[in-house]
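Chains here go by letter, A, B, C and D, matching the order in which they are written, and residues are numbered from 1 within each.
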Amino acid sequence: MEINGVEIEDTFAEGFPIKIARVLITAISQRWAVSAAQEATGFGTSVIGCPAEAGIECIVPADQTPDGRPGVYIQICNMGYKNLEMSLLNRIGQCVLTAPTTAVFNGLPEAEKQFDTGKKLGYFGDGHQCDIDLKGRTMCKIPLMEGDFLTEHFFGAVDGIAGGNFYIEAQNQAAALTAAEVAVDEIAKRKGTITPFPGGVVASGSKVGSKYKFLKASTNASFCPSLREDGTCTLPEEVSSVYEIVINGVSREVIEEAMKAGIEAACTVPGVLRISAGNFGGKLGPHHFHLHKILQ
Amino acid sequence: MEINGVEIEDTFAEGFPIKIARVLITAISQRWAVSAAQEATGFGTSVIGCPAEAGIECIVPADQTPDGRPGVYIQICNMGYKNLEMSLLNRIGQCVLTAPTTAVFNGLPEAEKQFDTGKKLGYFGDGHQCDIDLKGRTMCKIPLMEGDFLTEHFFGAVDGIAGGNFYIEAQNQAAALTAAEVAVDEIAKRKGTITPFPGGVVASGSKVGSKYKFLKASTNASFCPSLREDGTCTLPEEVSSVYEIVINGVSREVIEEAMKAGIEAACTVPGVLRISAGNFGGKLGPHHFHLHKILQ
Amino acid sequence: MEINGVEIEDTFAEGFPIKIARVLITAISQRWAVSAAQEATGFGTSVIGCPAEAGIECIVPADQTPDGRPGVYIQICNMGYKNLEMSLLNRIGQCVLTAPTTAVFNGLPEAEKQFDTGKKLGYFGDGHQCDIDLKGRTMCKIPLMEGDFLTEHFFGAVDGIAGGNFYIEAQNQAAALTAAEVAVDEIAKRKGTITPFPGGVVASGSKVGSKYKFLKASTNASFCPSLREDGTCTLPEEVSSVYEIVINGVSREVIEEAMKAGIEAACTVPGVLRISAGNFGGKLGPHHFHLHKILQ
Amino acid sequence: MEINGVEIEDTFAEGFPIKIARVLITAISQRWAVSAAQEATGFGTSVIGCPAEAGIECIVPADQTPDGRPGVYIQICNMGYKNLEMSLLNRIGQCVLTAPTTAVFNGLPEAEKQFDTGKKLGYFGDGHQCDIDLKGRTMCKIPLMEGDFLTEHFFGAVDGIAGGNFYIEAQNQAAALTAAEVAVDEIAKRKGTITPFPGGVVASGSKVGSKYKFLKASTNASFCPSLREDGTCTLPEEVSSVYEIVINGVSREVIEEAMKAGIEAACTVPGVLRISAGNFGGKLGPHHFHLHKILQ
């Protein structure tokens, strides 16, 4: 299979289950909503070493938010609802309540699982907090130095999928990275998914396990272009750099759409040679995304 | 005291000791260096609820970095060297090693305290890592899917100061926030300090303690403009919004310079009425920054 | 009439006829498409002193462009088709053909009026240019140092409207400007209109004519807050700054939608006191946009 | 000669004399100063088809400007002082006076040639303008809807140089473009020069003349990678994309420094194969910049 002259390998991405909370942040301007979202979703690439996985999902226009201000949806992901609840409380409490002009709304109001994070945040008001109604939503109003902060009482969470992914193999680093940037930009225009790594891109795709017992993951040696001499690297000769795009999402469908949009966009960049994907032979997770099926 | 017609209150900011590590991140372009730095310093506003305090210190031109590429200095701060070492390992390992095209260098090579974080990161290479020399610096080279990642073996840390601050009191939120943005921009052009909150700005200045026993900090009620009716708020009548700029730095001097630059810039914005600062009567920390002295 | 507590004056904006060409620029990434678009639409605020009026209309995802790459629509406006044709040739030739990785497509393929600008640009190929077909569109391929540049042969233009507008009156400059930024951001998310002034905002609203015979337009003195002492300024006492948003568009409908979205967004910003609009009592143009009708 | 493994061709760039005016724009924030500067310097790549050449020179901190606000230096260039004076009046009048919160200062106060552009702009005030002193500078104060606009009376201009340049030849477009971006970023950190093309980069390097008599310049065919079959292209086989960085500056020295910084930065990007430069055998201009001399 080829797109725009780029080979699509006949392989699959392997995802695993994760719990995902979704929060809508609004602010006085899009710029400040994004600023809060960046802080709240930072240090959030992989649960292997970060306290959560997190990212910006998409920007929404002012007329699609409850308070008529520009908005940004973020996702916070963790293994198990208990960890997720703690992540939600700390990240909203430390990075959104503290951010200029923000308000926060439940991004999954119809989910079965609902955390009362907003109610808990209210205690920061030291007794001055109170409840108000905003177009049918119960909000806690907390007096701050900047004015009042509004947070919805509840935030929903669902069983989502982490680790959707594809690889961009290219003639050199700049081509692979430009394609990765373009792919991430297009994914960011769609709802339901995040690309939690820095700038949406993974430089250091990994395999499960390592020769060191204390390490759960290590470099994906067979895809490392500088390990060619001893035959460790099995990449085609002309590939000298590979980036991975990792995608988390609230459903299988949104991940498939994001993979399709990202791959098609990546294939327009000169110097991209092949698209592949990362899997662990089924050892890691039950969710398999076959490239050829998704791109039909 | 007045600057540009803005009253400078005769008060002081109260800082407290913190341990600070400083890392230089370089990348293929300034944009990608900043992207890595943002991820690595996210979820890092306050040690009250974040695993560390962290921020971007400044951008440096390509001719001022060891590998001739554009660079960004970041600071990671924590209470005690043990916590700091863990923060450093996780944040560099998860957010910079994983970021496209980055290399990392010791930002405090002359500090007495040095962590061997780079050596530890090397294990990700699964045996394929090796040491190289880059202009007198010992670097670990780790093969990745994108190419090779370089990290210096050691990263220095020092006894620094957290909680340098000033308040911007204004006629309304937009004026206070514009002044805060301008102040943060000017501080970012100087070396040695970070403003760890979202976009560099704190919307929710706090006091130590709370009426709820489980809460260490709560809203600074006497500076909350919406708590005027019962006399809780003691702000001047015409002030309707207050932002705080919190500054961490590697020395008293750099914090004083940052406060001076930030306050002077803030005072150029129409609608700013008064500059104040946050202290806890000496209860929190030994480092006092008197506004009138700094601005002489 | 009030929105969110902000008074909407019972007045109207007065627009005038202008010719508008619309061009789709695609590039290797959204960032580079925007970069070309900024250069091509610069020095383009008002036909009073600029060679054309021009601006970025909106960004489109890669799957909505003929070559599957990220795109940006721009508009170039002038008085009369002859001037417009010259503007189109110079701005595309000097600012888009010269910009990295771009291609240009007809943004109004169904318009009656069509300029053969792409054919003319072809001569830059010095005989090496040739025609190709791209999904039914006839494109001229011009060999460049970066690779090949593609331009569609024809670019359509229509009778549009310039000078749609509204005023944001606020307590101070920062509030008015923040509201203006928010309004412009929301307008930019819609198709069909541009806001040609710097950052989309006019600081210097003008009246027709002047006491100096050589000047066609001069400061709108009755809206200048600093001219209160002698009664020249007729603004409410509490207004100290006013920004105007000027909107050009391909039809009356798109301007009305843009005005509605912009005004509603502006009214969410604290410190905004009143929305008004600029007209010249019908002297300037036949297109009247009554605020109360648009905001019904 | 080689830098970082990249060949530096033994050739020279050929510049020509141009008149350059330099203006300092300040604004309420760096963002708005840049916004005004972008509008004022747009449609300004080459005097062949633009009414002037123009660009952003550098950003300066608030403590280095006369009014203590963030600033941006721009340059406007034209053939002959008469054309330049007209460009200055139109671009400042239409794109900076109209831009939110700006003030403008003379960027070359010690030049012999001084235009009274600020005095002329004053007439927009329709008789309400007046002169004030700002730290020894005579400024015209013009009442606007946003508040008062300040412009210095005079703006200086000098005999400068246009057309300083170098070529980046690379394995593919993404590598060449990434290197170009990095080079432009580093040049922008230095004073005295501009890179007037879109994003600082030229995609379409040209030769003087053409087979069509009506065309003064045409594609530089011998550097066009797609013209290899008939031997027109004389680039090395492995080069598939070339970008040119064009530099204007107020003196020979600043252009040499900019070329050096830009070339050295470009040579850090993987996939860059050779640096060259554009000249016309001495036909175009008297200013020759030999790469090997500059990079010594």
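Miscellaneous remarks
Basically, contacts are C-beta pairs under 8 Å (C-beta built on N, C-alpha and C of every residue); 3 or more make two chains touch, one makes a residue touch a chain.
Not measured: the values here are computed from a predicted model.
Between the interfaces A-B and A-D, more contacting C-beta pairs are found at A-B.
Listed candidates were B-C, B-D or C-D; the one reproducing the A-C interface, defined as more than half of contact pairs identical by residue number, is B-D. Computed centre separation for the pair chain A/chain B is 25 angstrom, with centres defined by C-alpha atoms. One inter-chain figure worth recording: chain B and chain D are separated by 34 Å, centre to centre, where each centre is the mean of the chain's CA atoms.
Note: centroid distance chain A to chain D, computed from Cα atoms, is 39 Å. In chain D, the residues that touch at least two other chains are 28, 147, 173-174, 177-178, 240-241, 269-270. Only residues 170-175, 177-179, 240-241, 269-271 of chain B touch chain C when the two sit together in their complex. Across the complex, chain C is touched by residues 4, 28-31, 61-63, 67-70, 147, 178, 181-182, 185-186, 189, 261, 264-265, 268-270 of chain A.
Considering their complex, residues 28, 32, 35-36, 38-46, 48-51, 54, 90-91, 93-102, 123-128, 142-149, 167, 173-174, 176-177, 180, 197-199, 201-206, 210-212, 214-215, 217-221, 223-227, 232, 240-244 of chain C touch chain D.
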